[in-house]
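Order of writing sets the chain letters: A, B, C, D, E and F. Residues in each chain are counted from 1.
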Amino acid sequence: MEGLRFDGREQEQIRKLRFTRNYISTCPGSVLVEMGKTRVLCTATVEDRVPPHVKGTGRGWVTAEYAMLPRSSAQRVVRERSTLKTGGRTHEIQRLIGRSLRAVTDLKALGEVSVLIDCDVIEADGGTRTASINGAFVALVDALEADGRWRGEKLPVKDWLAAVSCGIVAGMVVVDLAYAEDSIADVDMNMVMTGNGGIVELQGTAEGEPFTKEGYDRMIDIAEEAIEKIIREQKKVLGAELSGRVGTI
Amino acid sequence: MEGLRFDGREQEQIRKLRFTRNYISTCPGSVLVEMGKTRVLCTATVEDRVPPHVKGTGRGWVTAEYAMLPRSSAQRVVRERSTLKTGGRTHEIQRLIGRSLRAVTDLKALGEVSVLIDCDVIEADGGTRTASINGAFVALVDALEADGRWRGEKLPVKDWLAAVSCGIVAGMVVVDLAYAEDSIADVDMNMVMTGNGGIVELQGTAEGEPFTKEGYDRMIDIAEEAIEKIIREQKKVLGAELSGRVGTI
Amino acid sequence: MEGLRFDGREQEQIRKLRFTRNYISTCPGSVLVEMGKTRVLCTATVEDRVPPHVKGTGRGWVTAEYAMLPRSSAQRVVRERSTLKTGGRTHEIQRLIGRSLRAVTDLKALGEVSVLIDCDVIEADGGTRTASINGAFVALVDALEADGRWRGEKLPVKDWLAAVSCGIVAGMVVVDLAYAEDSIADVDMNMVMTGNGGIVELQGTAEGEPFTKEGYDRMIDIAEEAIEKIIREQKKVLGAELSGRVGTI
Amino acid sequence: MEGLRFDGREQEQIRKLRFTRNYISTCPGSVLVEMGKTRVLCTATVEDRVPPHVKGTGRGWVTAEYAMLPRSSAQRVVRERSTLKTGGRTHEIQRLIGRSLRAVTDLKALGEVSVLIDCDVIEADGGTRTASINGAFVALVDALEADGRWRGEKLPVKDWLAAVSCGIVAGMVVVDLAYAEDSIADVDMNMVMTGNGGIVELQGTAEGEPFTKEGYDRMIDIAEEAIEKIIREQKKVLGAELSGRVGTI
Amino acid sequence: MEGLRFDGREQEQIRKLRFTRNYISTCPGSVLVEMGKTRVLCTATVEDRVPPHVKGTGRGWVTAEYAMLPRSSAQRVVRERSTLKTGGRTHEIQRLIGRSLRAVTDLKALGEVSVLIDCDVIEADGGTRTASINGAFVALVDALEADGRWRGEKLPVKDWLAAVSCGIVAGMVVVDLAYAEDSIADVDMNMVMTGNGGIVELQGTAEGEPFTKEGYDRMIDIAEEAIEKIIREQKKVLGAELSGRVGTI
Amino acid sequence: MEGLRFDGREQEQIRKLRFTRNYISTCPGSVLVEMGKTRVLCTATVEDRVPPHVKGTGRGWVTAEYAMLPRSSAQRVVRERSTLKTGGRTHEIQRLIGRSLRAVTDLKALGEVSVLIDCDVIEADGGTRTASINGAFVALVDALEADGRWRGEKLPVKDWLAAVSCGIVAGMVVVDLAYAEDSIADVDMNMVMTGNGGIVELQGTAEGEPFTKEGYDRMIDIAEEAIEKIIREQKKVLGAELSGRVGTI
């Protein structure tokens, strides 16, 4: 089934994407990413210490924290400090962001250093986890550059990285779902890919009817195309010089 | 690349699978599931109350909790009550179990009732989340039958459900990874499917190298075959009469 | 002692002040307030329930929450959910914000309704608690107007409200301290006043030498003048019509 | 008053007792103990570190943790991680288990090593704390033997240890109460003794009527006899060689 | 072995005992109990609500909380709120106090009312849990009298209640151990008895060598005598009229 | 407006003030302070360790904890350990006590040592935070003297310190408010001053109507006079010799 989406987009069309670098004056790796109305503030902090399980290995680590500001959602989100618990959804998302960024970070070249990614959602209109990954990647590159350890050399980032959601809404396979679509989707899939087209993460959930292999194949294709576009935007905003120092060739 | 696995299994061969029903004398939906050395105690508890977000809808809910006993793993697992936190991995797993079982439960036919699934790992040798889903499904059927509300009728379970892990280990696509394989896998994927072959959940992560669409296709095929075998075992252990009351035809 | 300040300001000069209303599209009472580099997102949420101690009194309540985003400060701020504790400074600030706004809210006219103020600091360059009060007041007016209960009538807000910090830095009495001044101040005072010139809160602390009554008198004067300027800005950004519906004549 | 008990046992008769050693393949000190339907998984973990209060004394320590699996009881037990609190009963029991095992452990011979006992109740039909002590003792011996430090020598265990409950039910003094008896008992006593007949712990509580010294004397006698039987079973399951390396003569 | 104790007391001699009623002017059931240097503030609060498990039974409940002030002990005690945990020892003690008082309270005559006992240790020189029980009993009687429901009638208290510690110190059986004795005792026993000589609680622990039945017999005798003395003091401080309204004859 | 207060005091009259030193036999810096019915136990503990932010600076630190015993207030106060949270009011008060004492402590002369102040309220009849500061100052002097490091020399205390509340009650400016006054006050101010008349802390809150500069001036005057009286009492109870070793001339 084909047709126009509720906001007039084509099935394979992502929302307006914008990256604002240096969003916080005292934090060199701070990026505001906007995908349509979804806005996430992504920062990257480089620290000279690593978690116990990598100590002494000569390798680094990347970890992530994610939170929604109370009024980022139409219904006010209770602060997690009030509940004395970090919710399951939050854990799931911050683990996804951390794993995805580690997949393209050259942990050996990084050395015994950790990078802590913070993603704080200012406004949520669907796709906050994938927007977070897109913004966090840019913040990571900025923070590593600002750190000064790799001045003028290749940064310890092996490949480009971007993410997008796709799904089946009213029988139609679409990409980069807004909240209005997400809330009625039968299938919801998040995909994280590298600049070289490798799949890093792929998480599909049938909210309604279980989906078939064919549906899956169509979603993969549409997502792949969107991810290429997002990576082109990341390159543009980082500029040629810095972009040239990302990736292994 | 092809060849025998470390324990002599073929690539597409699952470990020895066993379900012990009525494992706890006072709990009708209590199943010990064993996949090789991995052992999980799965119980299902039917309660006459539902969470706030479904109250008044006439529909039911299924939720899950997962925990590892301290010595289920070679290195002692610290009890979560000691840390005052439920870990991210735990949250991720129990949300997966809950979503998967909800996908095959007829929540309308269930009525305003909730089923709480508990999965407690006695010994962990890889694949505890998929074993949990397999055992929890059998416990769910037993608990619903014992509840008495659907005596002699179709149970509010729309389809069969099973799960299996697959992955790429030393270049070889394999199914139902033991811990020795899991810890060195390049790609780790968990797949949950219904008796009708629909995909309910699909989560793939590249621990090492990003994977390709071809790798993905091979993993899907091998997992599908394994899930069919597991569902045959579930039907055998539940017996013809009870099995006949599962699924919508 | 007189002289220019580190950023060229006069002693009695506040930093550039800016209010951006409707900062979040789905939240009518959402204001970004900027005082120099200090940026705080203030939102107001109207809820049809009140805390136990006012239930049944026919009166409403106003309460506040305050938090700093992790990279709002040069040194990353650990999220409070990670420590399972809300820190003392946070409590102090959110109690101050709540008390201040209650002082100008007509709780009887509000009825059994509560307004929850959220102040989230995006960038902290000194004076976040006073900036929060200034932004929260504007958000409160917007949220009450959007609620619709007082359409075209006087809003349940008895007077205007603004806050500013003042202090003694290198022997000089100054207003609206930036972080560079705050960190070396001998005395730090926060003052909250109404449009009618009444003092709502006054908190002075000698970080170094105890201060005299004369020092205090000079600080009060300089703060009073600054507060008048801030209230003029609040009126300007809210516009004549809405401003006319605030205060008791 | 004399007579048969609800399950046909004599007053001084304990339930069927069974120890299964090496219950978990990767944990050498893992014992499933069964007393009638009560089943507890007891494991012992030897660690090369001690708590602060014994550090530097050249002595070791033994500590215990106890938990009930959610469906071990007819009414589902809420996981303690959910309540963010370890309940009073849990604390009481794990402190009892720890103290009891320390009483027969030669802490000097142990050296600066700690043994952590975990007791997880799979099914609870009364007497879970005494069953835990009985199983934990066997697990302790196995774990110390497996550790290898005392190969072929006396283990750092000074004496045998077992525990049993006794009580007054419907006016009758009985031993090893099942849940059906425990819930209606007037007096409930737990007794822990060594192989040499020394009393290690003795805790009596009048749930209904206060008890007399005579009632107490009868309970002591009946418990003493039961404990001798339990120790005979422990020796049998550990075998002659290992048993010969326990105790001081 | 016989002889004088470190503070000159005979083996069977308790320390100087003093009860100060109405210790807090706004709390009618507030008693400061002193046993030697051990001082505990005991209060009883009557509330018109009961915990869920007795709701609707027409019966009441008695519960207790116990805490040590930070400098009650020579080494400062960390506040439990700082650790986010109530320690095991605290739980054990407050459960003991609660059970003991329930044993002599006529819960049916009490009606659906609960009494909350608070025991806060001002100075700890051994025996704080037994002193707490002694003081709490007096506070309970005062609070029930002040409540007014049983004015001029029998109070819902079936019997008198007192507690004392005893132990074996340097081979000598002694009663009411001070801290200097407690810290070197081989055996430590706490005994709670009624005015009619019934045993309510009896908890003996061998800190060093396990103890024999003979040691136990001697400890019981010496404790019994001490408890009689304490109950005489309780009657004296409560006065003849109030004392006459306690107990079932 | 002038007149007698509810308890017959003049506007500028403080309640009966009493300090009992050495209140706990094992704690040299332990003072019970009484202001009318308000009673607070204040202790000071000297420790050879400092918090991270002063480590290595050669300077010391003073910190404070504050709590109310459950029945110190007419309505029972829930223990903070039960709520797993330290309340905002508690934080505010203990931060105030700590800052105030640091203002008169010579942190350099103290050396890398910390003093921990504990203030536990036994009975609360208004003014517990100011009473705490008054008692804590005496406890601080006693604890430093007992520590022995400054034997016969100037103690590391630069000036005397006392605190008092003042407010506007029924239009009348009064000092040292009792609970009956506090609960109906329009303005509530707490003031902390040194022996030399310097202002250390000044916190005024309009509970009802905002206050004017004139009201403030009158409150300052009346508080100043009261603080002088309190310091005279502190000197008297500490005695001439010890008093002579406080302050910098």
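Throughout what follows, contacts are C-beta pairs under 8 Å (C-beta built on N, C-alpha and C of every residue); 3 or more make two chains touch, one makes a residue touch a chain.
Only a predicted model underlies this, so the values are computations on that prediction, with no experimental measurement involved.
The chains that touch chain C as well as chain F do not exist here; no chain meets both. Rounded to whole angstrom units, the spacing between the C-alpha centres of chain A and chain D is 52. For the pair chain D and chain E, the distance between mean C-alpha positions equals 28 Å.
Taken residue by residue, chain F touches two or more other chains at 84-86, whereas all remaining positions touch fewer.
The sequence of chains round the contact ring, opened at chain B and continued through chain D, runs B, D, E, F, C, A. Against chain D, the residues of chain B that register as touching in their complex are 24-27, 30, 37, 41, 43, 45, 65, 67, 69-74, 76, 79-81, 84-86, 116, 118, 120, 122-123. Across the complex, chain A is touched by residues 84-89, 91-92, 94-95, 99, 103, 159, 193-194, 196-206, 209-213, 216, 220 of chain B.
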